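So, here come the structures, one by one.
One chain, chain A, links the two complexes that follow: it is found with chain B in the first and with chain C in the second.
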Partner chain A sequence: MSAPIIWIALPFIAGTLILFLLGDKYASQIGGAIAAILSLIALFIPIDAAMLIGSVSFKISPAIQVFGRAFEFTSADGPLLAAIFGISAIWFFGADAAGMAHRFVSLGLMIVSLLTASIAVEPFLYAALLLEVAAMLVVPLLVPLHQKPGRGVARFLVYQTFAMPFILFSGWMLAGVEANPGDLRTALQSGVTLSLGFAFLFAVFPLYSWIPQLMDESTPYAVGFLLWALPVFTVIFALGFLDRYVWLKNTSQIADAILYAGVIMTVTGGLLCALQRHLGRIFGYAAIAETGLFLIALGLRTPNLLDIAFLALLPRGLELSLWALALSIIKRKAYRLKLSDVQGLARVYPVATGALIIAHLSMAGFPLLAGFPSRLALWQALSAQSLSAALWAFLGLSGLLVAALRSLASFVMADAPPRWELNETRRQAAMLGIGAFGLFLIGLFPQVLQPFLSSLPALFEHIAQ
Partner chain B sequence: MLILIPCLFLFVPALALVILRATQPNARYGWLVATGGAALGFFGVFAWLAVMPFDWILPAWQPLAVFPTPISFRADGVSWALATSIFALILSILLTGAIRRVSVHSFSWIGALALGGFGALAVAANNPVTLVLMWSSLDLAELLAQLSSAQSARNNERAVISFATRIAGSAFLLWSYITSFSNGSGYTFQSIPSSAGAYLVIAVGLRLGVFPLHLPYDAGSALRRGFGTALRLVGAVASLGALGRGLIVPSGATPFLAFFASVAALYGGWMWLRSPDELTGRPYWMIGIAALSVLSALSGSPTGAAAWACALILAGGALFLSSVQDARLNRALLGGAWSLSSLPFSLTASAWTGSLGFFFPFALAAQALMTAGFVRHALRPSGDDSLADQPAWARGAYPAGIVLLLIVQLLLGFLGWDSALQIGNLIFAPAASLLALGLVWGSRRFRVLNPARAHWVSAAGSGINGMYQGLWSMYRGLARLGLAVTDALEGEGGIMWTLLFMALFISIIAGGIQ
Partner chain C sequence: MVVEIVSWVAVALALAASAVILISRDWRVSLGALALQYLASFWLTTRHLPLAMGSVKLIAGWMAIAVLGMTRLSLTQPGSTIEDSFYPRGASFRLILMGVVAFAAAGGTPQINNAIPGMGLPVIAGGLILIGAGIAQLGVTGDLLRVTIGLLTMLSGFEIFYAAMETAILVTGLLSAITLGLGALGAYLLVAGSVPLIEPEDETL
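Take a look at the complex of A and B:
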């Protein structure tokens, strides 16, 4: 068995089978179990190394060829795959509690398999095509059958599609720059084209307008999944670019452009988050601000760049899944998700509102929670490089904090407070409780992520040097 | 690990009470569990004395390259004095709580125990990252305790505002730590860089828990006196403790901070002296004593700052927990005035060993006002509880709780830390004491020194409410602006705006690269 078949073909086939053969009842458990098993395999069984169990010897081969293109995983990819499928499992297990198991799990598995393929494909520029196909598969996830897509979905697809030609074109130009390093004009053009491509992919300011629109139009859980999956794989794709064309990273202007694009994204996302009156849009802007932090990490001139970037990437899945699940539960009671509609809800849905606030605080970098260690590491490195950039990033995250406090105030304020009661189902309460516990665990002991982080320098060896 | 053990004596009973509440709501031994744990914790903290100073360092955060500062706690003279004060207060709250008519006993006991445990860990924190973690634990515990017992929209709003203000303080501490990396590496409290000192003072100021002025409980709530005292004082001491851990190196901002601290001390002292009763005046007590603590720290006396923090919790705690009209206990409360006097061998003897300079008279006046106010409130406690109709054990527990705080005040003047057995400033202390005596004498003769009328007190509150309304209006204005921006970007013309911005960015990037 080869690694690409296990982590690309298998989840894609499983997703297809769930779509056509299973109903709502078992989709969540089976999809979650498949993702969890794939995660455990990635964690414990090394790729391209012979294993002996009893008298049976086996080996996961690293690559396969498809139409002349290679899909290849190395042993260093194992922890990364484990993290991706582990977080996917959390999303799929939570889908039932969020009330959208069948289509979400099946399409989700397919999307994750395509995005995983984008890590493995050689030549790596083909990753742009796979990201585009994954973006297309997101559309049926966001838009229910027989419903006209809204403006947010259309804009999302348009922007993701714009990204692909820019990145492919810049890849072609960069090959020319490598052949002729003295050609500054081509280098400039390729830099601008590449920046545009990634600007669309990362949804930098002002290209992120589709995110809050989607939060208005679609179910929070589906959008949350999209906001986890796409930026995470885009960061990995971008790291691949920087690793391959090291001169890009070493060009101070390009590194600064990446860093300040991130700062602008964090600041605008944070400030606009603080000014929203809709819980869904607050969620969207918080995700934007955090994506800005990824960009800041990519723009850092420090040998610890990979550690910092992945410290921020890994908890994002848990934060967003917890937040999206809590929002989905709250939406059943307060469909419009306006702050004025959720007043006093803390006493009616204490676990969901509590989990939402914890996830939000974590994303804002509140101490004790999973987001704090990564923010701390980022601020330390950033202040050594540019104190003003660190201040702006700090202010951006303060915007998230203000939004969290506003949400909290709305949840607990009611003129005639109802009695405390528990209206979440046991499954919902358990999922939310486990998620919140996970955020505290990572926040207090970030070393639990170390098994996933330790092999990263081998994945991007030029950046790590 | 020895640092954690006394705290566990608070955390474990708190957890036990949570379980008891869920499994046996009518259990009658909850008070005994809580008080037993608090007593063990109080005596356990004396074990620190045998091995001080010592550190407790948690397993390092990884990757080590990005987390150079470990989570560490340090037991030294200052942290021991502050932790002892906190443990004494928690034990005293539980002992005096035996006579209070509170319907939600176990909630307030759980809250007080948790606050005490986190507060003790906070005063032992050895670097800003550890402190910010402990402060945040304390904030979450306070928020949960307040939200679970507050009953109206207004009181819930107060709880959230209090939480927000404290987070703002933590943010300043974090920023002080981050800025230190621009000069090389992070810092511990043994070596506070000059750039961090001002942020540290602002952080402490914001975290005192003074804003909002009043706790999220109605005036008649029994929670105000027992649990409310823990809420107010433990958080304040956990914040002030940071000033006692290291010397704040003077910087350009020091005179401005000293000026604001002097104004706050005078304001707090004046309002405290003229408060109608001790619970109404409690925010001013905290403002006044905390400002004196900040002045001590800025004058170069960190142990003085810690001594004021101990006085805030011990002298204040004894006064605020007194709810029984008993002549002997009222006279015993005057022991707190000794602690505030900064006379030789008193708790605050080391307060003014630094250089106050221009701010000497302000500190003198503020200390005299605080002491005079304390004497006035000690002689006229406002409580209306009675010991007569209490069972014998409660009649013994209540005075023990008050006397415990008085004994600890005296004890800290003589042993255990750098501030013990100090002669202090022999010019300042007698002058402040004489002035305080004069104010006590004058308060019976001059109307201006008499308690303010109720509408005066509410005027201060309305000023803060006005500020709050102003901030809220500004926020609404910004929200309208934000809405205009998002409407423009998300509307029909959004693509055009986006293209415009993109063209702008490309020209900037291209210009930069060329």
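Take a look at the complex of A and C:
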């Protein structure tokens, strides 16, 4: 069997079957189990290497041809696939506790499979098309058939569709630049086109207006999944560009543009996060600020930028899934998610509110939590390059911290405090507990990520050099 | 020579159709104009792509229009009223907007032709007009049907360009899938909100 069939076709077919054949009851467990099994296969069975189990010898072949183009995974992709499907499994297992298992798991599996295809497709430029198809599949996840769509979803669709032509054009132009490196005009044009494409994909300031709008309109768990999946795969796609066209990374103007776009995103995201009075919008702006940190990592002129980028990427899935799950549970009690509506909720939903605060603090880079090691590494590298940029990034993360404190204050304040009770179901409490434990574990022992971090840079060997 | 003339006729058809889409308030007229626009786009695309691959794009576009039209026809309530919040929104403003797009395309075509020789002036002009008209449409509307039409217009303009650069079957297939997907998504978003929430226990009754 070939690797693309296992990690692309199989989850897509599984998602389709779950959509049409399964109900809410088992969708979460089956979808989560499929993703977990695919993660374990990626972790333990090397691609393109013969394995002998007893007398049976088998090998996962690396590529298949589709319409004359290849979908290919190398052995270096194994840890990345393991991380992607492992984090997807967390999202799918949590979907039941969030109360949206069937639609979420089926569409989620299809989306992850398409996004995984974007890593495998050759030429890698075609990934822009697959990212667009995946973004289109996200829409039914965000808008259930019984809900009137708002502006946020239309804007999301428009911005994602705008990204694709820019990136495809720029790829074509970059090939011309490679053939004729002295043509500065084409190099400049391709750089601008590429920047515009990625600005739409990353939702760079001011193109992120759809994120808080979606948090108002849609379920937090679905938007959370979107805010995990698309930026993470976009970072991998962007790293592919930087690896393929190394001169982009070595051009100081382009590297600075990426870095300062990230700084602006982190600062505006963080400050706007501190000013919100809606838990969903706080979540959205925090995700924006963190995406800004990814951009900062991509713009760093340091040999270990890949380590920093992946150190920030890996805990994001856990932080966002925990936060989104907690929000989904709280939303059942306080539908509008306004800070004024959640007063005193810490006594009524202690596990959900506690998990939300832990996830929020982790994203703000609070010590002992999963986000801290990556922020520390980022600040260290950034301050060596530009002290002012490091200060601005710190300001943005301070905004996240202020928002966390405001949320905490709202949860614990009440005119007449209700008595302590546990309203989360056992499953919800277990999922939230495991997630919070995971954040502490990664924060206290970041070396648990070392097996991934040591092998992921091999995917982008030119940048690593 | 005849081919060149037909190509310029296709450009004129694309310009007229996109102007009608931008100005007309009737969704039937808009979808009809979009169908004509795909015909023009088909001709311009086949300047660089084989006829069979161009036909795939044409059929995908027409199928998307059919899906949108049938969905809109089945709706009893009028579409979203978000559009009403945009000012200015008169027909004359939209006509001027289309004029700006046409002038910008006329100005940009020779420059792109110099930068990318071999593409052909009609192909560049047609692509630029459709991309510009699509963006203009997206800029003045919040109505979901019109947003979908705007995206399809912009995408068909891009496809005319990209056909001259990339002739891979996988790309043609994926772009056609995106066209179809946009049509289906537009139909889904039009229907969303008009379907009542059915609880599982209600379904069994």
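Keep this in mind: the second predicted complex is superposed on the first by the 462 of 465 C-alpha atoms of A that agree within 3 Å, B and C clash if a C-alpha of one lies under 4 Å from a C-alpha of the other, contacts with A are read in each partner's own complex, and residues count from 1 in each chain.
Rule of thumb we're sticking to: contacts are C-beta pairs under 8 Å (C-beta built on N, C-alpha and C of every residue); 3 or more make two chains touch, one makes a residue touch a chain.
As the structure is a prediction and not an experimental result, all values here were calculated from the model.
In the superposition on chain A, contact is made by A:398 with chain B only, not with chain C.
Applying the stated contact rule after C-alpha superposition, one finds that A:417 touches chain B and leaves chain C untouched. In the superposed model, A:147 makes contact with chain C only, not with chain B. When the two complexes are overlaid on their common chain A, residue A:29 makes contact with neither chain B nor chain C. Which of chain B and chain C touches more residues of chain A is settled by the count: it is B.
Applying the stated contact rule after C-alpha superposition, one finds that A:366 touches chain B and leaves chain C untouched.
With both structures placed on the common chain, the touch criterion links A:206 to chain B but leaves chain C unconnected. Of the two partner chains placed by the overlay, only chain C lies in contact with A:68; chain B stays clear of it. Applying the stated contact rule after C-alpha superposition, one finds that A:455 touches neither chain B nor chain C. Residues 151 of chain A touch chain B in one complex and chain C in the other.
Residues 82, 115, 131, 138, 142, 144, 147, 150-151, 154-155, 158, 161-162, 165-166, 168-171, 173-175, 177-178, 181-182, 185, 188-189, 191-193, 195-198, 200 of chain C are the ones that touch chain A when the two sit in their complex. Chain A contributes residues 23-24, 66-69, 126, 129-130, 132-133, 136, 139-140, 143-149, 151, 153-154, 157-158, 161-162, 164-165, 168-169, 172, 186 to its touches with chain C in the complex. Residues 59-63, 65-68, 129, 132-133, 135-137, 140, 147, 151-153, 156-157, 159-160, 163-164, 167, 170-171, 174-175, 178-179, 181-182, 186, 475, 478-479, 481-483, 485-486, 489-490, 494-495, 497-498, 501-502, 505-506, 509-510, 512-514 of chain B are the ones touching chain A in the complex.
Residue ranges on chain A touching chain B, taken from their complex, read 151, 155, 188, 191-192, 195-196, 199, 205-207, 209, 212-213, 251, 253-254, 256-257, 261, 271-272, 275-277, 303-304, 307-308, 311, 346, 366-368, 373, 376-377, 379-381, 383-384, 387, 390, 394, 398, 401, 405, 408-409, 412-415, 417, 444-447, 450, 453.
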